């Protein structure tokens, strides 16, 4: 019994991590129609910026309030880089979808290499509050606190994104802009601002995922984002491109599936099952679980 | 506005296929023979001892240079084959690496583990790879757009996992599998015979270019070009889009498998690098770098990309880079950084790829001439 | 004559090396409908798009376009539209993935109260189909939505590109009525192929031919002179119908 | 020739096309009119197989084609144009038509032949272009055509397929007044010979009246009337629901 | 000239060309860095600071393979084509395995570097190794449980060849000594280790042998610690490079390490020389490999000149004093017998130190003799 609880809760922790990565990806893809391969870079920036802040930024540190400051700095940095990328690289290429994807591919190559050039290829210990290393006993299962932290963060992010889409006009503008930017401008709306905003939010979500993911792993390394990204892609697609809620469902499905199959089946089967799930979902419902575009 | 816009991939920034563009006027004089001339020049290149310092480590006929060129040529062919899907039919596959890897590992395993003679292994591999592509394509093509891209990615990922798992010690897992050369024709073994591998690669490239060219200019190619623009329309004209896409997919994948066979011989083994989705991404990069939907663009893109990929490691450790201040020399010593940056710049400043260089330079050239 | 609301001077547009407009000049009167006529492909749509600043990126625009004292060409489209330049595009361009209501909500401009009553009174269908995705609307319904979107706000000038294309005769009449009423308060620059509609609405006419202005003057005069319409538009007899 | 039997297409509760019985005789020209949103385009989509009906059958020459995919129906001689022009934008005008000719004549699955070498295809394509008056635009990219030209190209694509049953969805929409008579002539010439049947949606009443043998009126998905032009025009409901007071 | 023409090696006074193909970039760049530092120190040591063997200068050509066998093969062919008779390097096992056959086909000497795969041993007549192999790790691990008979041993390893080799070695070495060996395997890409930790815990082993490489290792250790695996049994694993020590965190002091090398593990002449020569003055895991490679190169040239077969003869059975102590190149399969260490980590934060508990001699940690393949 306690094994099942343990697997469920850690599986949810994994799901939360996937969701954090996928949410930004999904938002940017669903709203701005950019399949963002550079998302891993934003993730890395968030993680390294947090790591750097904890050691160097006055007021920031590895514990308590200082940690919050460090994470906030990381999130800001990720967001800033995302905005910069949007302004400089993506914006001039709007309506040229494929080229946008390609630029993000180039960026993911160059960006990760840059992180590696600056901080080396090896993993570095990540500053984190002591309690995140401990476990909480839930009905006999020793659940890592870092996993619980991820779950809470994912829930907050989900709520915030939904509120953004539902209660602001931006959701509408961006969805329309994806279809036909020109026409949105012709309605008197500065669509560029809205797109920059989406990137800022996507970057922030990615950076948060990077920072909290590093808390979970205990280390930060340049390639971290890339390996998470594949699963995040799978989550986004299973969930239905651009649906934030869909991504949440899909993340839970993928996280739990992986965890349970890895325990009860043989090694590596978990990954195969996830890929299989993707194929099956797409063949039965090519639009993904949640179907429609960003119907929050 | 179409109804299902959301899940569509925009067609690539396509060029009109050369083969279908009108204008006999363009085909005057020696132009038709240009590819042949290029082929002959490429074929006799190994007889040259010219030294191109900075571009190659040694003279043109040195094994190192020929080896590098051979790899570049294979990837030129691979990119041209991928373009049949991407540039000419508008299908975005993220799983092309799978069929290339099938070629590499198929040959290697059949030769090294099963001890088959090379020609049998090659034949079996290409047949097998093509059948695999037909089967997986038949399933994947039930989806379109990004969904198709993701299903192909998923299949390729399964391939990568299987190779990494190293079932029965067949693939060597992450360490890869060196090719057992004892049963290979002597002409393909040893550094002194690198030139034969070069010619093999050249032959492969020529084959792919010929096939892609012929197919694009054929009635089928016309349909593929139509599919890129409007699939529904093709159906209403009385043609089954699914069949044509499957043919293009299978053909391109078969060519990739053949490329894998050649690559396996050139490199003398298999390593899991070839199964990664990054390989497909770099194919995409090559095609776009060169110019999708054009005859020579993808070939040039593939060659250039691989050249940079190999040579940048030398560039990164060169004195010129090391003498720079740290904030420059560190990133520059990362080949991927340079490659990524070059690529971004290329997307920016050469939207039509290398192939568009000529038309973009035309105004400049004519104005120069006028002076 | 009073000051024109819009004056176009020597407008030239090149797209991808093609000289599509070659020095077009005309004025739009401050009241009523000015109609832009011409055969397929002469550059009517290109003219309207150049005015609102939507020429494609590989295009190049020369000349001057003024609304009052203000020069339009250098300003971004969304500013122009916020400044009261309404545009109904040729191919409707409703947002297929959005519902009808969402399409309308999007068109609301900050600072003004959207006139939903007016729009729903004109097109009750839009009210009824509020939750339907615009992409699944019929052609005519989409056209209504496209016009409705612009009428939500107050405008100083409306540019309308072939609004009756593909509409049922009854709706054509309705749209014509709507435009007629709209034109009482806002000047309209209209591109239209349906000469019956032109006859009913237009005060002034500008005829384009191969990227140049071939004729300007009173629209009714134009339609009365069969010889003129025949030479400019290639039609004569049918107009009488 | 073409018949529908109780053809129905529902989305949720709403019947977009509601139990339509249509019979199209060989050589007959049937005009379809009806208010915007009546379901005319949807009916075409059902007949050509782009959508699956929820109920009812579609018969072509007496054979049931309800379950066939679009391309199989096209092979049986069913051709159509689209309300929103859908041509192959990155191909030249001429290649567009050649593709259609080739699709019709078979031999599209030839990977090793030179397409350009097929003189018959080229000749047939040029003939079709000539017929709609687009011959001079042959080398232009279809995507850059002005709206009216695209409509003509649509018809050329249809012509190239030599269909026995043609479905025209508002071919005149957006065509400049000058070209309307010309296009009417083209369409008329299509039907004059060879017992070809036509189903045409059009809002230009004068065009319909000139061409159609019978007129079907659709309203809220259902067939309101299907009769000779005179009878239909005299029908009070049609007047009220569709024509309104004429301009 | 004909395409088969290649430049051939020069006369006696000509410099000795040595090609070093290793990772300067890519994921294993820091291993590569240690290797090359070690090599240069070793060359200095073996040539007594002259950089010359006899009157011939040793000319190094360094090529980056970025961890990609294809690039390494290209580089090797290029070097061979230019007359290089000695190639050393190979940071990763994949590279070593694919370069080895090239060496044999072209009859040049290949001295593999940090690559730990057992398959390099006995790969062919021309292939040697300057580092340790997985089997030696496992033998060292075995020394932690004393008498293996009746003990229960679990191997926790990642999927793939590295994991396979370790599992096989444990089965042979410890299982062969009478222990029952079972294994828990996980994908190398795994990010969440709770299921595996649970499986291990459920198995209640007397000894847990962990073979894990890569950036996910810290997360893996943390999970094993959190789930109480580390405190419930003896856990043995290989000690990685110094930079990774802090990532063990609190888990570090609960693990028994087998070690190939760490600073302070030995106090030989060579170690002192190496320490004095390398930047920073702190030795690390792969410095000895580079150092030994240089010693072997010098020996080969001294005895063999330009004749590769003579080089091979000169190396086979050669004993020398390396950084780690007495090293022996076993003639039958070219395994490099060398001392191995048991170690403990202590400290906290970023300051950790390793201390040697026990040293196994080269004979004690010798792998079984492999069949020479070619």
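Per-chain residue numbering starts at 1, and chain names A, B, C, D and E are given in the order in which the chains are listed.
To be clear about the criterion, a residue touches a chain if its C-beta (ideal position, glycine included) is under 8 Å from a C-beta of that chain, and two chains touch if they have at least 3 such contacts.
Please read these numbers as outputs of a predicted model, since none were measured by experiment.
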item	value
Chains in simultaneous contact with chain D and chain E	B
Most central chain, judged by mean C-alpha position against the global CA mean	B
Centroid distance [mean C-alpha coordinates] between chain E and chain A, Å	37
Chain A and chain D: spacing of chain centres that average the CA atoms, whole Å	48
Between chain D and chain C, distance of the C-alpha-averaged centres to the nearest whole Å	29
Set of chain C residues in contact with two or more other chains	93, 95-97, 136
For chain D, residues contacting two or more additional chains	84
Shared interface positions of chain E, touching two or more other chains	159, 187
Residues on chain E engaged by chain A in the complex (per definition of touch)	26-30, 159, 184-187, 189-192, 194-196, 198-199, 215-219, 222-223, 226-228, 241, 243-244, 246-247, 249-250, 350
In the complex, chain E residues that touch chain B	1-7, 24-25, 62-66, 68-71, 73-75, 77-82, 93-94, 97-98, 100-102, 105-106, 117, 119, 159-164, 187-188, 374
Contact set on chain C toward chain D in their complex	16, 38-41, 45, 90-91, 125, 136-141, 143-144, 162, 165-174, 176, 193-197, 199-200, 233-235, 238-239, 241
Parts of chain A lying in touch with chain B, wherever the complex brings them together	35, 37, 89, 92-93, 96-99, 102-103, 105-114, 116-118, 179-180, 230, 233-234, 237, 241-242, 268, 271-272, 275-276, 278-279, 282-283, 286-288, 292-293
Contact footprint of chain A on chain C as seen in their complex	52, 54, 76-78, 81-82, 87, 89, 93, 95-98, 102-103, 105-107, 109, 149, 153
